Amino acid sequence: MKSLAPLCNLLLTIAVSVWTVLIWDPASLAAMLAVQIALLAYAGQLRKLLKGLFGLLMVAAFFSVIQLPFDVAVPIAVASGLKMMVMTVAVLLMLGTTRLPSLTAALVSQVKIPYEYAFMFTSALRFMPDFIAESHAVREAQICRGYVQSRNPLKRIVAYAALVEPMVLRAITRSETMAMSLELRGFGGARRTFTQQIAFAGRDYLVLALIAVITAAVIRYR
Amino acid sequence: MLEIQQVSFAYPGHAPVLKNVSLSIQAGEFIGLAGRNGSGKTTLTRLMVGLGKPASGQVMLDGKPAKDGGPAVMARSVGYVFQNPDRQIFRDTVASEVAYGPEQMDWSDDERQAAVDDALAMTGLIEVAQAYPRGLARSFRQRIAIASALALKPRLLILDEPTSGQDAEEKKQLMQLLGKLNRQGIGVILVTHDMEMLLEHTRRTVVLHQGEKVYDGPTQELFADPAHDVGVWGLRVPDVAAIAAKFTKITGAVRSVEELAASINQQLGGKTDEKPGASV
Amino acid sequence: MDAVQFEDFSYHYPKTGTGLDQVTLSIPVGSFTVLAGANGSGKTTLCMAMTGLVPHFFGGSMSGQVRVAGQVTTDRPVSDIAAGVGFVMEDYESQLVALTVFDEVAFALENTAVPAAMIRIQVAEALAAVGLTGLEERELSALSGGQKQRLAVASVLASQPKILVLDEPTSALDPEGSEELYSLLAQLNKEKGITVIVADHDLAQALPHADRMVVMEAGRVAFTGTLDEVFDRMLTEQVYDSAVPALRRLKAALETETRKFSPWTSADEAVAEINASLPPMRRLSLSA
């Protein structure tokens, strides 16, 4: 999948999700999941995600089991758990094999999503680790002033002000700096270059054809 | 009062940040903590206040394992002033901001009020007690963070790079404040990259290098003894110390430009009056 | 030729009313200027006026004008000015907006529709200049503080500016990191002829590299000139004199009407000259 165009990867992920919605046969879904995990291993992503996958499996199993008391047939309950797994793994697979900047480039220049929206998405990802680090730092600073998490939920919410307010204020000053940075660097100009390789090649068309065939088959024989 | 015993620390899946560090801190000391970024300074000071647990070894406060209390309890003995005061300021007035810590303690209202008043007085913030903290200059916000730590009546204050972003005058005032607190018996640990400040204000310096304690002794000796290759540890000999080291017979041990100038002038002669700049 | 020219420039922020008053200042092409002054004296505002952020981004009232490379800043959009003036802000971490090192450095070029092939060349050059070659695919969150700082420099160098402005770049760096940054700036200044302007509190760091200095006081330019001239005036007129590096304060404290020293840039120079002026019997035999 690494060698596919980012848009092709995205379409593949969407197609897999559509198939999963349509298919209710646990065996087929399990087979799909097996293929996905093999692909993850092939892309060298399996080891990194193993823990997460296990957690996901637990959630899916739980999701399946809690449906049973509501008179849901066992195969359907199992299938719904599997559907959840397959869809999530499909997204993981895409994120693991596609560079995000390439994906934004594809979304902007091929799907014609305005660049500002795509940028919003990537910058959210860019600031997520900083935001998490910041929240740890604020928490520790307040702990050193005696902040303790109360057991009483109401008190707890009030106490959160000590954590939330510094973070909000920091986010505001930070966004101002970022806005200046964007202005300095010509963000939002009329024309933009994308340096990413996003063009479709032969194999991308092949995959698209395959997607079409499988989708038709799934609809026909489900 | 604070005893670090053979402490090691590592983040999961990474090389150790601290390797078998031992450190004994007496009441009322003024200690500098130096070393490169990434040498383990912050990790060490975090362990001193109970943020994080050592992989091996332990931190003892007054002879008892610090882990028994946890950071919120440790804060009553060891105050921590973080580098960026904006990460903790969240209330509308300076006084209420400083009162946050005491409010978390099981003190009487009178005790709380007294603690806040004392902290504001010690840090010279009484005049701005009702001001909006975020509207004040950074040097004031820094003082608010110090006052917030002092309000819990700690015996030791740890400051992480308190002078970063401060101008020369603000630095001077901050160091005067820390000197005053120290004279009142509060121990100070100053984490800093500023070598001149180490020389002028600290008696003892601890140097960390790649997670190990490589020096622990008088600050002047750290710079005066050519056997210490401070460059390897990412430090720099302050110019005052470098010059004094050559003229040591004349100057003896000096800590500041003023002391150095005074002793050299005695030898040079012809300089009796105060010249502007010499009074700094 | 002046890289930047302030002509009786006054500016006040809309909210606080603080800012700059009647600043007249010339920064010569190819100079390395250090900008000093207490917090709140106007250093950051001065930096922002050179990049057009003041007044474009903030609004507020202004009079007089600023010329950058001969052109008046109010006549051009910020991104246009910024292509010639690289600005590394005090909070440089928030200045970085992309996910990976390559994308960060390419960002301004992509925004201004530079052809992709050209972008690759300029990004490679900029990364090489700051010593980050090989980290193109690295995510920003995996960089150290010093690396982020150099990345911020690379991201503005990619546009091949003639002027580089840095606002308090060393406040989070250790002594080695600061020295490396100053060496990098000095190299860009000498080898590429880039005019460098650095606002900093620690003037001792700048001493070996900078050739000009501006001291701000309460929104005005207090002094401007060579470092020696300005240090002398800071000490004699007692304006922000505590910021003068230790070597120069020592020199001033030892000098008299009849006894003068040369402008020392290292402790060794100071030792040699002081020793020579000591009474012979007190003199040291200074061996290497």
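We just call them A, B and C in the order they show up, numbering each chain from 1.
Convention: a residue touches a chain if its C-beta (ideal position, glycine included) is under 8 Å from a C-beta of that chain, and two chains touch if they have at least 3 such contacts.
Predicted model only: the values in this text are computed from it and were never measured.
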Intersection of contact sets, chain B vs chain C, gives A
When A-C and A-B are ranked by contacting C-beta pairs, first place goes to A-C
Rounded to the nearest Å, the gap between Cα centres of chain B and chain C is 29
With chain centres defined as C-alpha means, what is the inter-centre distance between chain A and chain C in Å? 42
Averaged-CA centre spacing for the pair chain B and chain A, given as whole angstrom: 44
Note the residues in chain A that touch 2 or more other chains, in rising order. 173
Considering the complex alone, what residue numbers of chain C touch chain B? 37-40, 90, 144-146, 168, 171-177, 201-202, 204, 235-236, 238, 240-247, 249-250, 252-256, 258-259, 266-268, 270-271, 274-275, 277-279, 282, 284, 286
Show which residues of chain C lie in contact with chain A when the two form their complex. 51, 53, 56-57, 78-79, 82-83, 87, 89, 91, 93-100, 102-103, 106-116, 119-120, 140-141, 155
Tell me, which parts of chain B touch chain A in their complex? 46, 49, 51, 71-72, 74-75, 79-80, 82, 84, 86-90, 100-105, 134, 148-149, 152
Which bits of chain A are touching chain C when the two form their complex? 99-101, 122-123, 125-126, 129-130, 173-174, 177-189, 191-195
Chain B residues within the chain C interface of the complex: 36-38, 137-139, 164-172, 193-196, 234-240, 242-243, 246-247, 250, 257-258, 260-261, 264-265, 267-271, 275-278, 280
